[in-house]
Amino acid sequence: MTLPLMNLVLALIWVTVSGSFSLVNLVFGFCLGALSLLLVREHVGAVGYLSRTRRILSLLLLFIRELLMSAWRVARVVCRPTIDVRPGIFAYPLTVDRDLEIALLANLITLTPGTLSVDVSADRRTLYVHALDCSDPDGARRDIADGFERKILEAFR
Amino acid sequence: MRSVILRATAPYLTALMVLFSIFVLLRGHNEPGGGFIGGLIAASAFAIYGIACGVASVRQAMHFHPLAIAGAGLMLAVLSGCLSIPLERPFLTGLWAFPAVLGGDVGLSTPMFFDIGVYLVVVGSISAIALALEEEDS
Amino acid sequence: MATPGLSPELLTAATLTAPVRLANYLVALPVVVPLLFASGLLMMRGRLRWQPAVAIAGMTVLLVINLLLLRRVASEGPQVMMMGAWKPPFGIAFTADRLGVLFACAAAVVALACTIHAAATVSLQERRYGFFPFLFVMIGGVSGAFLTGDLFNLYVWFEVLLIGSFGLIVLGSEHRQLDGATKYCFLNLIATTFFLVATGLVYGLFGTLNMADIAMKARSMEPNGEVVTIATLMLVAFGMKAAAFPLNNWLPASYHTPRFVVSALFAGLLTKVGVYALIRVLLMLFPAERGGLSMVVAGVAAATMIVGALGALAQSDLRRFLNYLVIAGIGTILAGLALPLPLSSEPTAGPLQAGLSGAIFYAVHSMVVMTALYLAASLMTRRADSASLHEIGGLWRSSPLLAAVTLVLLIAVSGLPPFSGFWPKLMLVQAMIGGGMGWLAAVILLSGFLQTIACARLFALAFWRPAPAVDRGTDEPGAMAAAGVRAAAVSIARVMAEGRSEPSMLPLLVLALLAVAIGLWPQGLASLTGAAAGGILDPAGYHLSVFGGAS
Amino acid sequence: MSLETFAAGFLDIALDVSFAILGFAFLATLLRIYRGPTLPDRVIGLDMLTAIAIGFIAVIGIDTGYTLYVDIAIALGLVGFLATVAFARFILARGGGDDEEKAS
Amino acid sequence: MMGSDTRFLLILALPFLAAALAPILFRRLPAIAAAGLALFPAAAFAILLSALAPVAGGTAILAGFNWIPELGIHFSVRLDGLSLVFALLITGIGTLIVLYAGAYLGQHRDRGRFFAFILLFMGAMLGLVLADDLATLFVFWEMTSVTSFLLIGFDHEREAARRAAIQALAITGGGGLALLAGFLTIREVAGLGSMTQILASGEALRMTAAYPAILILVLCGAFTKSAQMPFHVWLPNAMEAPTPVSAYLHSATMVKAGVYLLLRLNPALGGTALWETILPAFGSVTLVGGALLALRASDLKMVLAYTTVASLGLLVMLIGAGSQEAVAAAVLYLIAHSLFKGGLFMVAGSIDHGAGTRDIERLGGLRAAMPLTFAAALLCALSMGGVTPLVGFLAKETIYHALVEGDAASALLLIAAVAGNALMFAAAFLVALAPFVGDRPGAIAHPHEGPPALWLAPLVLGGLGLAAGLFAPAFHAAFSVPMASSAAGRPVAIDIGIAPHINLPFALSLATIAIGIVLYLTASRLRRALVRGLEAIGWGPDRGFDQMMRGLLRGAFGITRILQNGRLDIYITVTFTVIALAVWLPMTLTGTLPAVPVMPHLRFYEWMVLALILIGIFAVVRAKNRLTAIVSLGIQGFAVALLFMLLGAPDLSFTQFMVETLSVVVLALVMTRLRLSPSDHRPWREMLPDVALAVAGGAGIGLFLLRLTQRPFDNALSDFFTAYSRTIAHGRNIVNVIIVDFRGVDTMGEIAVVMTTGLAILALIGIRVIRRDGAPAAVSPAAPAAGEARP
Amino acid sequence: MEAALAFVVGMLFAVAIYLLLSEHIIRMLLGLVLLGNGVNLLIFAAGRASAVAPPIIPVDADVPSAVTANPLPQALILTAIVISFSFFAFLLVLAYRVYQDLGTDDTDRMRLAEPEDDDLPPLGY
Amino acid sequence: MAGAIILILAALLSLTGSIFVAIAAIGLLRLPDLYTRMHAASKAGTVGSGMMLIALALVSAGSAEALRAIAAVLFFILTAPISAHLLAKAAHAAGYRLWPGSVLNEMPALDVAPMPPDAGDGMVGSPDAQESDGGAAAPHGAPPQIAPRGAA
C-alpha cells in the first residue's frame, strides 16, 4: 500500500469514527493521518513521502507567486497607452521526459509572466513557448530551466 | 486530440470531475445539485477524457455501452418506485432507512436511488451523444 | 422499512396512509411496464435477435394490464393512485377514468399489432438503433398521457411520446424521412411548447396542477378572461397535436416518410393523444370557456373534415392518401366536441354527451382502423412494388385476403355500415342534429361521402385495375434513366414497407376483425364511451375519486 | 463609526464597484466576441466570459449571503473548461481558414 | 294485429351464411355449388311463404332483439304485406338468379367470390325490406350500395366496370347518407326509431317543422337508389356487371329499394302537397326520359336498363299520385316488373351466351336455335307490354284507372304514362322479338340453347307472370292487396282481372299497344334519330359525372397544394398566426388587458442582467454570421441563468449554466461543420410580416403574463412542499425534493426523454443510407436559392 | 419583478418567433432555444417572483426561516429545461444529418417528402 | 474585530479581482493577435475570478462553501493553462499565423499531419453551399494567410 493511499485510509477511518462526513472533517482527518504518519515515519518509510510533500508545497508556492506576477505584468502591458509587445514563439529544449512532468512544466510556464506553452514536439524533446516579450529567448529559456523545471525535478525525482 | 499536455492531465481532471459529480449528486437532496447536474458534470468529464485520450479509452473506462448505462438508470429509477409495491405504498413513495452504522443525517432512501437513476441516465445518454459526435468527426 | 422520527400526525396530515394493493397498481403499470421494457431492451443491445420476442411479450403484458384496468374502471369507477402517497392535490395523481383507460386499451392493441408486424420487418440495424425501445418509450408516454391526472405531468408524457416518435420517424435516415422528420419535429415541438406555456399560465391562475382540482376551481371561479385565453391556448396546442385544420400541416408532411409500421403506429396513437387532451382539458377542465369556443371548434372540425377528405382525393401515394384520412377522422372527432353546453341545470344530459360519446367511439375506431390501413398499405406496397396509385394494381387477384381485409377497412374508415366507423358517425350526426348544428351534421356526411369516393377509387385502382405494365429495356437514355429511378424507387419503397422478410398478416387480420366486431356488436363500446362522456361532463365522480370526498 | 459598520459599508461599496467593473469587463469581452475576427478569438472571449460570470457569482454570493452559489461557479468552471477544450478540438479538426475578417 | 316470430330473424341469416360458404363450396364441390347455394334463398323463400296467410290476414309479424341499447337501436324485422312481397321477390328471384348464374358463369375463375357477393347483396336487400328499426334499415341500405359496388365492378379488369362501380357507389351511397340524415332527423325531432312507430304515428311527422327537410333527405336516398333522373346514370352503366347481376339488381332488388322506402313511408310522409309534387315530377320525367333512352340503345341489356329507369319513374310517379288506387297500381306494376324484367335480363344473358352478341342490330333469327328462350322472352315481353292475360296487363289497367280519375295534373301524368308505356312496349319487343325473328345474320355462327338453368329461370319468371294474371283474384288476395294496404296505410281493395272492360283505361291500353307497335316497327330509324339528337346535345349526366369527378380531383389537388405546400416556413407562419390570434382575440374580446405596471425597484445588477438578456437576444437576431449568433445565444443563456440565481433559484441557475454552455458548444461544433451560407439578411419588406407576427405573438404573451401576475396567487402547493420537505421527505433542498419525491413521476418521464434522446441521436448518426446509384443531393432542383447556378 | 419578467418574456417570445419564421433550420434552432428560455421565465413569473431566498432549509431547522422563492415553478422549469435541451440536441443533430444528406439547411429547398412537382392523382378509374 | 477584518479583506479581494478581470478584458480588446490575447485571458482572467472566489471563501469562512471555493480556485488554476495551451496549439496547427510584428517563430508551421478535408465526410451539396461561416475557401493542407488586425 502506498503512503498517500494509507494517508487517505487513515482520513476515512477518522471520518467514520468521528461520525461526520463533511469535507472539512475529511481534510482534518487527512492532516491527522499525515501527522500520525510523521510520528511513525521511520518504520513505514514515510520520509520520502513527507519531504516530497514539502517540495511539492514549495513548488506550489512558487507557482502562486509567479501567477500573481504574471497577471500583474500582463495588466501593465495592457494598460499602457500604446501596446508595446514583441511577441514570438521560441523553442525550449526539455529536460523532463515524463508526460506528467512535461504537462506540469508546460502549465506552469503558461501561468508565468508573458509566456504560454503552445505545443510539445512529437518527440517530446522540445516545448514551443509563445512569449509576449521574445526579444531575449535565451534568457527566457534559462529562467525556465532554473525555475520551474528544476523545482519539478526536485519534487518528483 | 494529440496533446501530451492534455493527455497527461486529462485522466486526473476526469477523475476529479467524476468525484465532484458524485458529490453533487449525493448532496442534491439538501443543497443545490442532484442527479441531473451531477450527470452533466460526469458526462462533461467523459467528454474531456474522450477528447484527450480518444473515444476508445472512454468506452473502455465506462465498460458498458453508454446507452446501456442510461437504460440501467431508467430502470433503477423506475424500480426504486416499484420498491413500494411489497410495502403496499403507492408508486414512487419515498422510503427511508437510517442504518445505525452511520448515524446522523445520512440515510438510504428510494429518492436517492431515484436520483442515482437520473444521474446514470444523464451520464449515459449525454456521453453516448458526445462519443457519437466525436467518432463521427474522426 | 421504518421511518423513524416522524410523528403520525405529521404523516396523516400530508400523506395517504391507506395500503395500496397490487390491483391498485394497475393504474401505474401501463406506464411503468413500457418504461421498464424500454430500458431493458436498451440494455439488451447485444441480443438483437431476442428483441422482437421480448417486445411482443411486453406489449402483450401491457395489453393485459390495460384490459384488467378497463374491467376494474368499468365496474368500480375511476381508479386513482397518488404517486408518492402525497395527498391531493400536492402529489401527482394517476387517475384512470373510462375515457383514459379506453384510449389506453386501444393504444395497447395498436401497439401490439404494430410490434408483431415490426417483429418480422425491422432490420437488425434498426433494432440496434432502438426501434423497440422507441416503441416502448412512445407507448409509455401515450399511456402516461392517458392516465395522468396532473396537467404538468401530462406535458411530460407528451414529451416522452414525442421523443419516442422522433426516434421512430428518423430511424432509417432515408432522405425523404429526414425532410419529413424536420417538419414533424419542429411543428410538434412548437405545439408542446405552447402546451407548456398554457400549463404554466394555469398554474399562475389556479395555483394548482391537479386536473380534478383545476376542474373544480374553474367551476367555482367567476368567469374571467384569463381562463378563456388559457383555454384558447390549450385548444391551439392540442388542436395542433390532433392535426386540426389549419394546424394540420405537420401530419401530411411527415407521416408517409418513415417505415410503414411506424406510420401505422403514429396514425393510431399520436393524433389521438391530442384529441384525448382536447377532451380532457376543454371539456372537463374549462367547460364554460369552451362554450364560447363552441363555434370555433365547430368551424375547425368542419374545415378539418373537408380538408382531410379533399386531401385524400388529391393524393397518388398510398400513405399520403391515408394521412389525409387520419385528418378527416380528426375533424369528425372534433365535431363531437363542438356542441355548446346545454343550458339546463343537468349537465350530463343532451346531445353534447351523445356527441362526445360518438367522438370517443370514433377515436377508438380510428386508432384501430387507421393503424390497420397503414399496415395494409405496407403489404400492398410490398406486393405491388409501388406505393403510387399511378403504378400499383392487380392486387385483387394476387392477394385476395389482403384485398378482403383492406376492403373491410376502407368501408369502415368511410363510415359505412356495418363496420366500426358507422356507429360513431351515426352518434355524431344524431347529436349534431339534436344539438341544433345540422350544418355540421351535413359536413360530417359530406366528408364521409368524399372519403367514400376516395376509398372506392383507391380500391378500384390498387386492387381491381390490372397492374400497369412497366416498360423496361428501351434503349433511349431517358427511358433507361427513368427505369433506373423507378427501380431505385421500388427498392426504397420495399425497404420502407417491409425490410426483408414478409410480415405476418395476423395483426392486420386481428385489427380488421376488431373493426368488424365493433361494427356488429357496438353495444359494449358504446356504453363505455357513453359513460366516459358522462364522466367528462360531470367530473364530480372524477373529483371524488381523487380527493376521496374531502377537498 | 465602528470597524464593523465601516467594514460592512466598505464591503457594500466594494461589491457595487466590483459589479460595475465586471459589467465593464463583460461589455469589453462582448465586443471582442462580436469583432472576432477569428474563431479562436471568439473562443478566448467565451472563456473570458465564464471567468467573468464566476466572478459575478462570487460577488453576488458575498452580497446576498447565499454562499452556496459557489457550487454554481464550480460547475461553470467545469463546463467552461469543457467548452474551451471542445472548441480547440474543433479548430484543430477543421483546419484553418476563416473569412470572418470581412464580418468584423 | 301483431305477432312475433323469431323464425324471420333466421331467414336473414341464411343468405349471409350462404355467402360465407360460397368460396369454400366452389373450391371443394364446384359441381353442385350453385345448386347447393340456391337452397339457402329457397329455404328463406319457403319460410316466408309460411307467413303468407297471417300477413294476408293483416297481421304484421315483428321479431328482434335489443341490439344497441346505448343508442336505442333494435335489430328488428317487420313482416307485413309490403315487406313480405318484397322479401318473397328477393328470395324467389334470388333463388333463380343463383341457379342461372351457376350456369351463366360456367367455369369462371372468380365465381366463388361472385356468389359470395351476390348472396351478401341478397342478405342486405332482404334486411333492407325486413328491417323495422330505422338504423338497422340504414345499415342494410348501405350494405346494398357496397355489395353492388363489388358486383358491378366484378369484371374488374375493364375500366368501364370500375367506373360504373364507383359511380353506383357514389350516387347510391351518397344518397344513402342523405337518407341517414333524414332518419336521424326523424329520430331526433319525432322520437320515432322504427317503421312500426312511424306507421303508428299518424300525422306526427307531417306536422313537424322539419318535415320538408326530412322529406327531401329521404327522397334523396330513395331517388338515387331508384335511379330517378338525373341520378339514373349509374343504372345503365351498371350493365357492366355480369348479366345475372343486372337481372337481379334491376328487377326486384337494388333499384326497388327506393321504391320500397317510398311505399313504406307513404302513410307517414305522403299525402302532402310537397310529396304529390316532387314525386310525380321526378317520376314522370324519368319515365318518359328513360323510355326514350331505351329506344336509343342497341345493346339488349342497355335497352332493358333504360326501361328499368322508366319503370322506376312510373312507380315513383304513381306513389306520388296520392290516391289509394295509384298505390295499388304501383304495387301491381312493381310485382309485374320484378317478374318480367328479371326474366328479360336473363333472356338477354342467354342470347349473349348463345349468340355471342347483345347488339340488336346484329341479332336476328334465333327462334329456331333457342326456342325455349324465345318462349320465355315472349312471356316476359307480353307482360311488359301490358298484354292480357299477363300480370303486366293488370298493372297497366290499374295505372290508367288510377290516373284517369284525377285532376288536371293527373292528366299530364296520364299522358306521360301512356307515352312511357308505349315506348316500353316497343322496347320489350325489341328485346324479346327482334333477336328471334327475321333472318339470322351470318356473324352468329352457332347459336344454341344454353344449359337448362339459362332458359328455365326466365321461363319460370315469365310463367309466374302468366299465372299471376290467370289467377288474378288469388294473386290479389295473397300478394297485391296486403302489400298495397301496407303501403297505403289502410285496407285497399284490388279486383282487377284479366278480362278487359270496355272503358277509358282499356282504350288507353289499346292506344298504348298501337303506338308501341308503330314504335317497334320504326325502331331503327327512331334510334338513329335519337342518337343524332343526343349527339347534338353532346352532354348528359353521365359525362357530367366524369366532369364532376375530374373537377373534384383537380379541385382537391389544387386546394391541397395551396394548404399543404411543402414549405415549413409557411406552416410555421400559419401556426404562429393562429397562436397570436389565440392570445389576442380572447384577451381583447373579454377585456383582459393588464393594468399599467409600476416601475419595479431593482438593484442595478438586476437591471444589468435583464439588459444583458435583451442584448443577447437582439444580438442573436442581428448577428452578421452564425458564430456570432451562437455566442450571443450563449450570452443570453448565461444572463438567464444569472437571473435565476438572483431570483433565488440556485438549482435552476446551476442547470441553466451547464445546459446553456453545452448547447453552445454542441451548436458551434455541429454548425461550423456545416458549410452554410451566411445568415439570411433579407430586405426589410420581406422581413416585415415576420417581424409583425413576432411582435404580435411576443406582446400578446407578455401582456397576458403581466395580467395574470397581477392577480392574487394561491401558493398552497409550495407551502405544502415547504412544510413537509424536511419533516417527511428528509430533504433540505425543496426543489430537489419536489423533483425526486413530491413530483418524481415528472422526473421519471424526463429521464425517459433524456435516455431516448441519446438513442435517437445515435440512430441519426449511426444509420446512413448508402446510395447505390450515387445520386447527388436529392434536393428539389426546382427551388434554387436566388443567384445560384445549380448544375 | 413580474412586470420586468413579463417584458423579457415577451421579448424572448417575439425574437424566438421571428427566428422560427426564418427558413433556415439553424436559425430556427436558435429560435427554439430562445423559446425555451422564454417559457421557463414565463413559468417562473407565473409562480410569482417576490422572494429571492433560495428554497433551501437551513441545517438546523425544519422549515425555512424566511419566505423563500416559490420552489414548485423551479422544479417544473428544471424538468422543462432538461427536456428542451434534449430536444434541442436532437434537432441539432437532425439538422446536421439533413445538411449532410440533403445539402441544405434551407427548409424551402427541402421538398422530398412533398415534392413540388407532385402529379395529379390518376384521373381515370 | 476579526470579522470586520475579514470583511475588509474580502472587499479588497473582490475589488482587486474585478480589476484583474477588467484588465484581462481590456487586454482581450487591445492586444494585436489571438496568441497575445490568450496571455491576458488565461492569466489575468483566472487570477481575477479566483480572487473573488477567495473573497467569498473568506466571507463564509469555516463553512463547507469556503472549502469548495478554494477547491474551485485550484481547479481553475489547474485548467486555465490547459485550455490556453489547447487553444494556442489548435490555432497554430490550424494555420492561424502570428502577428507580423512578432519577432521570432521557432515553431514549424505544421506540427500536425495535414487534416483530411472535412467536407469529405459524406457531405453532399453544391459547391456554392460550401461557402460558409467557416468558409473553406482555402485548400486544405495549405492554411490560408491570416492578416491580423494590427497589420491592417
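Chains: A, B, C, D, E, F and G, in written order; residue numbering restarts at 1 for each.
By definition in this document, a residue touches a chain if its C-beta (ideal position, glycine included) is under 8 Å from a C-beta of that chain, and two chains touch if they have at least 3 such contacts.
As the structure is a prediction and not an experimental result, all values here were calculated from the model.
Steps from chain C to chain G, minimised over paths through touching chains, total 2.
The minimum number of touch steps separating chain C from chain F is 1.
Set against the C-alpha centre of chain A, every other chain centre is closer than that of E. When each chain is reduced to the average of its Cα atoms, E sits farthest from chain B. The distance from the centre of chain E to the centre of chain G, each centre being the mean of the chain's C-alpha atoms, comes to 73 Å. Mean C-alpha positions place chain A and chain C at a centre distance of 63 Å.
Averaging Cα coordinates per chain places chain B and chain G 29 Å apart. In terms of their C-alpha centroids, the spacing between chain C and chain D amounts to 48 Å.
Those residues of chain E in touch with two or more other chains are numbered 159, 162, 166, 549, 553, 557, 561, 564, 566, 568, 572, 576, 625-627, 646, 650-651, 654-655, 658-659, 662, 666, 669-674, 676, 678, 701, 705, 708-709, 713, 715, 717, 721, 723, 727-728, 732-733, 739, 741-748, 750, 752-757, 759-762, 764-766, 768-769, 776-778. In chain D, the residues that touch at least two other chains are 19, 26, 39, 45, 66, 68, 71-72, 74-75, 78-79, 81-82, 85-90, 92-94, 100. Among the residues of chain B, those in touch with two or more other chains are 1, 3, 5-6, 9, 13, 30-33, 36-37, 40-41, 44, 67, 70-71, 73-74, 78, 81, 91-92, 94, 96, 129, 133, 136-137. Those residues of chain B whose C-beta lies close enough to touch chain A in the complex are 3-9, 102-104, 106.
Chain contact summary for the complex, chain B toward chain E: residues 28-37, 40-41, 44, 66-67, 70-71, 73-74, 77-78, 81, 91-92, 94, 96, 107, 109, 111-112, 114-115, 117-118, 121-122, 124-126, 128-129, 132-133, 136-137. For chain G in complex with chain D, the touching residues are 1, 3-5, 7-8, 10-12, 14-15, 17-19, 21-22, 24-26, 28-29, 34, 37-38, 41-42, 45-46, 48-49, 52-53, 55-57, 59-60, 63, 65-66, 68-69, 71-72, 75-76, 79, 82-83, 86-87, 89-91, 93-96, 112, 115, 118, 133-138, 140, 143-144, 146-147, 149. On the side of chain A, the complex with chain B involves touching residues 19-21, 99-100, 102-103, 106-107, 117, 119-120, 124. Residues 22-24, 27, 67-68, 70-71, 74-75, 77-79, 83, 85-91, 106-111, 113-114, 116-119, 121-122, 128, 130, 132, 134-135, 137 of chain A touch chain G in their complex.
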